[in-house]
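Quick one: the structure is below, and I'll ask about it shortly.
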């Protein structure tokens, strides 16, 4: 996988809606949906910095390849 | 009791013959007898410094009044 | 209802069902009945389904746990899946209207009402769904006097929230009347 | 002596009576006998009287403690005051010559010899009084072969002190002969 | 006086009672399902001028509580399984030093960390035999919230009267359930306070005054300047190695309990007059058993229940007597067989003894006891 | 081969045997009268490539020993009364996690610090019931130095075979006395090593393979990467709250011992063929008892001795059988009455059970037993 | 579905974990795994030991040799494992209560021996597992269920305590500063001796609620805004220090390691008479 | 027959004591009593608590309220006594094993709380009572019955450990430097908070014999010649530091005391609804 193929991937089942990734994303890419689960609201803004992955307590968001949303 | 009346007093029954008072008496006043019990060998040299009393582990020697040897 | 009623309240951790159970039990005691309230502890309490149980009786209560609930309340889908089927055939199952029940199963009398929504929209705070449920249950079963229900609610909720909770209770009564 | 002999060795903490007991027991075993050695622990061991016990027997030894000593050794006055009277009437009491015995008491056969002095003056080290005592006891009782006594002594004393201890043993034998 | 009726948790009732009987010192370490005892003590004691301290572990908890008692305050510590194991060494200390103390064990599933949030009655034998050496044990086991209140008071009174640690063995069910309780007025409560030294008389800390059961107890700081040790000691409190003294000391420890069994032992007999079958149960399980008795009686089966309230010392005399007329005894407990050993010992060949128990975190159900009784019959 | 006969202390024989059976890890904390076990391990283990560590306390001692065992080494810890009390929590851990381990308790006078340098048999019941919750216990009690050797080997073998902590209960007398012992050649010693996972087969750490008694045990670091916990767990080793699973797990723990009593239990019968009176004694006290039997037999009194060598589980079946033909049983032990409870339970009304005991630091004398027997007769 | 890091090192069948929403235990556990991954350690040698507590549940999720012991005793068990088999890479996961209340003694002794164990302290300043009692690191005046009138205890600085007891690597950071945390954990594992890394953590459920600290996000912001590198902190004027906490590497030295010394002892005795 | 100091403060009926010839336990115990005498404390309030060990036998000889507890637990018992009755002047007598091996946790927690207890550590670097096993303060390479091949452990500095854990007064001297010892004990008692005074001591019977340290006199000379005041020590060139030990006052600060804080809590709640 090349860096180019990487993107933010989420696993809603594991997300507990704490909002940490949302709050500390430098580019406001993320949001909670009305079930309080994570969603990628603004993928284009993402700079693949990985802050969300570092701080998600539930391993529910990461930078990787393939997975469709 | 005035300071003048003070002298080295010993309680042979309690002495266990460790020799500590003998070794650290600055004036070589003390000695162990042939039963390894403390005795005042040279009372006149005593300067009443109290080092012996401070270090006797068995409370067998002290500066005080009255007691005859 | 009977002189010996077993109630199981279920939902998720933060919904205050323990408090609801305590209020029901205390109100029963104010009514000169006997009552026992118990709950399940354990990892279950962190996420997953949580339950609180109450037994109300005119007699001495020996065995302290609910054996065959005469009334089951379920506020979440997970709780409903786990506990709805435990209600006895003569009993009442009360579920929030957001819940889907397994159609293949016979639950006794089912009452499906918008408890959480009522709390959120009519009272203004979804956190008081538990008190709405208390009002609903009290009114449906007619086991305990309204007076003592209110007394129990007011003695157990945080200072400053009395009006909110009185309102919630009232909405519970109304919900009950809507299905009576 | 009997086919079952109980020995009590007493003195003060530093006199090595435990070692003496161990040597006697081990020598007995080398002689194909049974033997048990035990001692008293506890604050007693710090100052005060100390004792070591040995049972030597041709039979199996059941009860492991000395009940009625056939031989008591006392090396200090305190030990003697405490233990000399425990020797049985057919037994032997061995005391160092520095010890005064209670004249009103009947101890069986009393052997009073200069054990410590012998060690100090004849062997040159009062610390080997215990080995002098071993030689004395072995020779007096004739329970164990000299060969095995010596073997046991040499197997248990610190390296480099063999000659000293052999000498002490010899002096013990001689002391015994002096009273036989 | 209007009745003071409340809905209360077992653990709450315990602290309520403790405060009323005069508990003024609590030292412990949190552990489920006993934690409320610490939390409520922390909350309430300061209002009474009493002290709560959360220690670094359970060993320190009981140690500090013993210290509190020596300083003159009625003291308690509480825990559950793992913590009870850790406290064992110092339980023995309190016994030999004769320090009044109440130790609560809200039992949960074991061994080890086990099933921390589930009820069990698995520490029954441990309560008696958990610390090394020979020692007497007083342990009480309540079946309800009101009885938790009652027995907490009794535990403190026995502790003070017999100068010994007293254990309150409850379990997760009794500790956590809420039930109706009538709190008596303070005047209605019988309170026993440790006897203090006789003024003007020479005080030997371990000498028993004529007519007394145990030595009188001065508080540290009151002017008596005495010595307390976990070594065998004589009347003066100083260590002694003499075997005669050891015998005296141990005999006193044992006999202060054994000579006063009638005062210490309580039990309940339920429908046993005409019973042909006896269920023995204690603590929360006796509620299951009572329920089963009712069901069986309805079916005409002559069953009764014997419920030890004082678990240790066991109600040996009475139970042996009853057993003479009973063919079958079923011991019901939330463990794999503990108190049943004691029952077997007591009834000898008088009765056949059966056991029903479980330690999987689930309570015994009335129907299970009913079935078992019928099986035996 | 020439015989290897030595004069050895009980504690010495224990370590000698442990080294021969393969003990390679010792973790403990010194306490009289068990200290020689630590001292000898410290001295000798490094020569065998084994490890000794003096931990900060007894709790850490057993914890580290469990760690040593999980890492694949045969491990032991040793202590006396106060330390045994402290180890209780982690004894339960080793039981539920099924970790092979040998725990030696060289008994001294208790409770508490008690009589630290005097012998006693006061921790007999504690060995069985000292930790919280339900659990099986295997405990052996030697009466002599040679038997200390023998039972140390047996303790390790049982620990490895049944994946459980095994206790060796000796006392100050057996531990400290020197006696004749013949050390066998290593080839003559039967050694059991824990079964390792079947290669190539999926490994579930708590699954019992067909034909096995206990789950096979991988060492940490061997590639199996499994989980061990003190919580109730299932075959996978992971915690489980299900009551069905709890039942399975506990049943396995209990039954691995209870289903193999014939393999685990040993005892000695001495002159019981024609005996009308039976003395039950164990450990060093059985030497007093044997002596008393000989004296009484000389006087024509038909006395025999039954000596449990495996103390727990108790030799219940055999003893109940014997008791059918015995009117009076005297239990002799160095405590105020402990094993006698078990004997009373076992023999029911078959025999009258008497007790002679003491916990004052003095051993029971043959003459005392003789007198007591005559008194009863 | 999860990242390769998670699927490589976690027992996915046991996920999702039981920790509360916003609990930082997951963050720190992931940081540990990331450090292990970056170091390229052999999974079969990595051995993770814990005591009892919310944090101590972590080993159950990790695909290594894992051991969940009794409350407070993790380091004592770990010491046995490490000495018995020095090839194991032993890592201890523990909570503030586990390691500094009931387990305080094992901490200072493991540090004193300088045994090669890396200890990660999940310090949320509270007993999470039992529902919010104050711990030895709860700040003075803070609330806990056993400190309903405000805590009068003074808190330990666990990192400095470990350093004083003999740890050869001791560092603290927070569950906000995750990259730093990963770096410290790596250094701790690489240090041949006793290492302790304290991760200031959050328990929104008990500490947060009781102390009105706000949401998990608010608590993370607190960590971000109030933890200052020790060197920078030392330069602050006294009034600016108030309310600030320190982080950074507090100790990093080299001393003989315990199991090494033991192996040397064995080596020295080789050939000697037993 | 004895000095007035002894007859005023000792239980003479229990003397002579059981300690070995030359054991410094008697020296340190007398120093404590001398300090108490000079401070003019009320004997009825002085409460001396110990654990188990040779040193811990001291309370039995002292005419105060005395408590001989279980091994390692003295500070936990003492904490209960002090909190239950803050009027008691609580002094703990303990050995290096008692306070820093099995009792290490209670030490750091009593220090952390800054509870007003004065702890006197009789540090003879060995377990005397049980016959010479190495302790957490036995120097590396020294011999003990459980370190027959030489100790591989690193020793604690108990005084500095207590200081790091929170003690507000922490000082060390030796049983040779008795006047200094008396002075430190007095300062420790006067300090309103947790104080620890370590007295470097000698055990000629076990430590001495095993390590060929010579007679009690020789061991006292060692204390005299090798303990150097910390300030002087710090100024020494590195090569001169080798083999030297430090003494002096390591910490002396003022912080709120635990029982005071508790009494304040009670005061604050007065009149409030229960």
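To keep things simple, chains are lettered A, B, C, D, E, F, G and H as they appear, and every chain counts its residues starting from 1.
By our rule, contacts are C-beta pairs under 8 Å (C-beta built on N, C-alpha and C of every residue); 3 or more make two chains touch, one makes a residue touch a chain.
Only a predicted model underlies this, so the values are computations on that prediction, with no experimental measurement involved.
Chemist: What are the mutual neighbours of subunit A and subunit E in this structure?
Modeler: The common neighbours are G.
Chemist: What chain lies farthest away from subunit H once each centre is taken as the mean of the Cα atoms?
Modeler: Most remote chain from subunit H, centroid-wise, comes out as C.
Chemist: For the interface formed by F-G, which of the candidate pairs E-G, E-H or F-H is equivalent, sharing more than half of the contact pairs by residue number?
Modeler: The F-G interface is reproduced by E-H.
Chemist: Between subunit C and subunit H, what is the separation of their C-alpha centroids in Å?
Modeler: Whole-Å distance between the two chain centres: 61.
Chemist: Distance-wise, how many Å sit between the C-alpha centres of subunit A and subunit G, to the nearest whole number?
Modeler: Taking the mean C-alpha position of each chain, the two centres sit 27 Å apart.
Chemist: Can you give the whole-Å distance between the Cα centres of subunit B and subunit F?
Modeler: Chain centroid spacing, subunit B to subunit F, equals 56 Å.
Chemist: With centres defined as the mean C-alpha position, give me the subunit D-subunit F separation in Å.
Modeler: 36
Chemist: Out of subunit H, which residues touch more than one other chain, so two or more?
Modeler: 19-20, 52, 70, 101-102, 104-105, 109, 136, 149, 262, 265, 269
Chemist: Listing for subunit E: what residues touch at least two other chains?
Modeler: In subunit E, residues 32, 46, 56-57, 59, 82, 89, 93, 112-113, 116, 118, 229-231, 241 touch at least two other chains, as defined above.
Chemist: Pull out every residue in subunit A that's touching 2 or more other chains.
Modeler: 16
Chemist: Could you please specify the touching residues of subunit F with respect to subunit E in the complex?
Modeler: Residues of subunit F touching subunit E: 59, 81-82, 84-86, 88-89, 92-93, 95-97, 107, 109-116, 118, 120, 122-123, 125-126, 128-135, 229-232, 241, 243-244, 246-247, 250, 254, 335-338, 341-342, 344-345, 348-350, 358-362.
Chemist: What residues of subunit B sit close enough to touch subunit H in their complex?
Modeler: Residue list for subunit B touching subunit H: 9, 11, 13-14, 16-20, 22-24, 53-59, 62-64, 67.
Chemist: How about subunit G: which of its residues touch subunit F in the complex?
Modeler: It comes out as residues 14, 43-45, 47, 49, 52, 59-60, 63-70, 73, 76-85, 87-88, 105-106, 109, 262, 265-266, 269, 272, 274.
Chemist: Show which residues of subunit F lie in contact with subunit D when the two form their complex.
Modeler: Per the touch definition, subunit F meets subunit D at residues 5-7, 32-33, 116-118, 172-173, 176-180, 284, 287-288, 290-291, 294, 363, 365-366.
Chemist: Mind listing the subunit D positions that touch subunit F in their complex?
Modeler: 22, 25-26, 29, 34-43, 61-65, 67
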